[in-house]
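We call the chains A, B and C, going by the order they appear; numbering starts again at 1 in every chain.
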Amino acid sequence: MLSPVILLPAILNGLMTGAIYALVALGLTLIYGVLHIINFAHGALLTAAMFAAFFAYTLLGLDPYLAVFLLAPLFFVAGYALQRFVIGPAAHGEDRNFLLVTLGLAIVIENALLYFFRADTRTINLPYAFNVVEFGPAFIAVPRIVALGAVIALALALWAIMQWTDTGKAIRAVAKEKLGAELCGINVAHVFAIAFGLGTACVAVAACLLIPTYYVNPTAGDAFVLIAFTIVVLGGMGSVAGALIGGLCVGVIESLSSVFLGESLGQIGIFALFIVMLLVRPSGLFGARA
Amino acid sequence: MAEALLKVDNISKRFGGLLAVNGASFSVAVGCISALIGPNGAGKTTLFSIIAGFLSPDNGRVFYNGADITGEPPHRLARRGIARTFQIVQPFAGLTVRENIAIGAHLSRRGRGEALGAAGEVARSVGLGAQLEAPAATLTVAGRKRLELARALAIMPRLLLLDEVLAGLNPSEIRDMIPVIRGIADNGMTVLMTEHVMQAVMSLAKQVFVLAEGRVIAQGTPQQVAADQRVIEAYLGHGAARRMAVGAGHG
Amino acid sequence: MKTYLPIIVVVALLAAVPLFTTSNVVLNFLVTALLIALAGQGWNLLGGYGGQYSFGHAAFFGTAAYATAILQVRYGVNAWLGLFIGTAAGALVGAAIGALTFRSGLRGSYFSLVTLAFAEVLRIVASVAPITGAGVGMLIPLDLHAQAFQFQSRVPFYFIALALVALSLLVVRAIENSRFGAYLAAVRENEDAASALGVDAFSVKLCAITISAAITATAGCFYAQYFLFIDAGIAYGPWISIDALLAPIVGGAGTVFGPLLGALAIKTLGETTKLVAADAPGLDLVIYGLLLVGVIGLAPRGIAGLLRTISRLRPSSGTTLEDSHG
């Protein structure tokens, strides 16, 4: 069981999967970092994006890696609109309400997808999806390597936006001190919506990266939501580095627990880690004290 | 010499690189009003939070009525008879004034009706009788300060810790609040207040402790402390006492 | 101090229903509504009154359902005894989760997340563990006798459900009138201020989650007896966690009748949706989701809140069903 022939591919695959997890977690931590609220609709939005990527391929013939450039802006706008015109107003500024409203949204999105597209599982078949690259005893699929690269590129791009653009500075200001930012003339509702939009765009990119190797059905995003939460808690709410490193770690942990405990119980490893983290150190490894 | 109800013994507290309290010691005599004053950043609020059980000190002990209460949680201190108000008022916004005060009254009364009734009396003693059924969220700042006071009084404490209870009030509100505080002490309550409003300290306190840079640098009656060189330096800066004396000589 | 009269009136009215109709459709509708009302009242105590929003009440519901099913099927224990043991089991899980999470000082979103996680863990374990029948689930054998807590007609089930709901209404009203209830409200509003007044917030929250879990657990046992089949998705699935929080929120969180009003409302909505859209999967939940968003956005105090507002607008307002603070 412990031989490198089994462990190495498990670890490498874990890293690749972890990259996607990290991207999903990145969106979540961005939203938390700015709005200080956990977005329960994150998984549902991921599912919706996966359906969008699926139909972009089957109806429009768009390769997922090209669809990114269409879907990311589209979902940015959708996320912006949702926060600005639905979630923000409905929540009346109260944290508890935000939880419930995003939960409600998650229920609406997932079940609307269920209603329109039924529960069938769908996949796409890309001609190059099964090309592999050798790493010693491991064979890694090409799409997964592309995913890792894309995630790193996106994380760098986001970091650059935060550091150097005016919008990024406004976002950081609101994240640090909402009232002060407002008094400086920053439109907080607008900044919240941008942050939400960016988080949703991350999820859209993740969906396009997932689609070549993963299936789509109305509950596909669920599997990622709690994992994303675990990562964000592990890495620290609001910490970008935490989301990235946490994502990779969780990917590896899940992969290894699947090896030792079997497929379905592999999930338990994640949940157990999640609960333990929340009980022992809710501020995470990199985050500020809650 | 009145015996000490509260004794703070060499308390220290550090937050990361900041030494907020550095070996502070003083004793509060029973049955009178004492004040803890000092410039901003002196460590008053930290010290208060430690006495009230919301923070644990790194070093030192706190004694109440002879017993060591260091590090005990707030709810247990309340049961011992120590009440505190908060500098930034914390009303139970969704409850009425009466229900707010009743929470305190429940400490010694099990029955809901009893507690609600007792709450009415306490409210009248601080001048909130007319607003008993109003939601706490509708009170003005002055009203909320009185509510803080009423809630604390409802637990029937022996020691009342007032954390800048006059902060945020305008001069006429302060003028109205001072007799309320005096009335409480006249009934035998021991009061320790931190305050920036000097007129209140001068007129209310029998004993004053001056905290600067985390330690007690002077103590005595308000008049003694006001004339103390070290206190003047702490507030106005090094050499200020001498400058003032020279200025007075010229004036 | 609030009276018990409205509760007695409502229960009496509901008890009279079988006199007017023996339609299975109506009775079944009411039984499932009462079931949700019961589960929701449990959530209401912890969430509405205590301000701790659990997203995993399925953990208590499912544990009780499985407990009573396993005891009956594998150990031949009497179903009524199973009801008590199942409720106790659910309460125990509540106490355990409460002890762990409140001891760590988890609040707000973190608390909601961790309860969600616990429910999911239980669901996964139940879906593979042999004792719960793994993926196949558990079937309670048919035995239509009163001593086996099974009945041919729906009417006895209706009365039992009503009795359980009535009990939960009385318990919550009693808590409202007690010191514990006052302390619970104080903890909800401001935990630090409450501590300074002598309230042991940890004990209060622990007590609240245990009672809350017990009430929802009872609903779980009842479900097992009424439907005679459970599996991991039914026992620990998101559907019950959602229903248990939706009913009180729609009906009015933090009020005695909130869960009952809300359960009737959402069941009615669900049935109406089914009529309009046949049995298309998902549509009823879409409506539930929209309802949740709509209620929070437009009527955050739920149906009870709306009724109170209406009664205040009318010039001659007597006591409404939801008596205001006194």
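Here, a contact is a pair of C-beta atoms (placed from the backbone, for glycine too) under 8 Å apart; a residue touches a chain by one contact, two chains touch by 3 or more.
All of these numbers come straight from a predicted model, not from anything done at the bench.
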| item | value |
| --- | --- |
| Geometric centre: closest chain by C-alpha means | C |
| Farthest-lying chain, centroid of Cα atoms versus that of subunit A | B |
| Whole-Å separation of chain centres (CA-atom averages), subunit B against subunit C | 44 |
| Geometric centre distance via CA averages, subunit B-subunit A, whole Å | 49 |
| Computed distance of Cα centres, subunit C from subunit A, in Å | 32 |
| Residues of subunit A touching at least two other chains | none |
| Residue ranges of subunit C touching subunit A (in the complex, touch as defined) | 51, 53, 55, 100-101, 104, 106, 108-110, 112-114, 116-118, 120-121, 124-125, 127-128, 242, 245, 249, 280-286, 288-293, 296-297, 300 |
| Residue ranges of subunit B touching subunit C (in the complex, touch as defined) | 52, 54, 73-75, 78-79, 83-84, 86, 90-96, 99, 102-104, 106-107, 109-113, 115-116, 133, 151-152, 154-155 |
| Residue ranges of subunit A touching subunit C (in the complex, touch as defined) | 37-38, 86, 89-92, 95-97, 99-101, 103-115, 118-119, 218, 226, 229, 233, 264-265, 267-268, 271-272, 274-275, 278-280, 282, 290 |
| Residue numbers on subunit C that touch subunit B, as the complex places them | 1, 177-179, 181-183, 185-186, 188-190, 192-201, 325 |
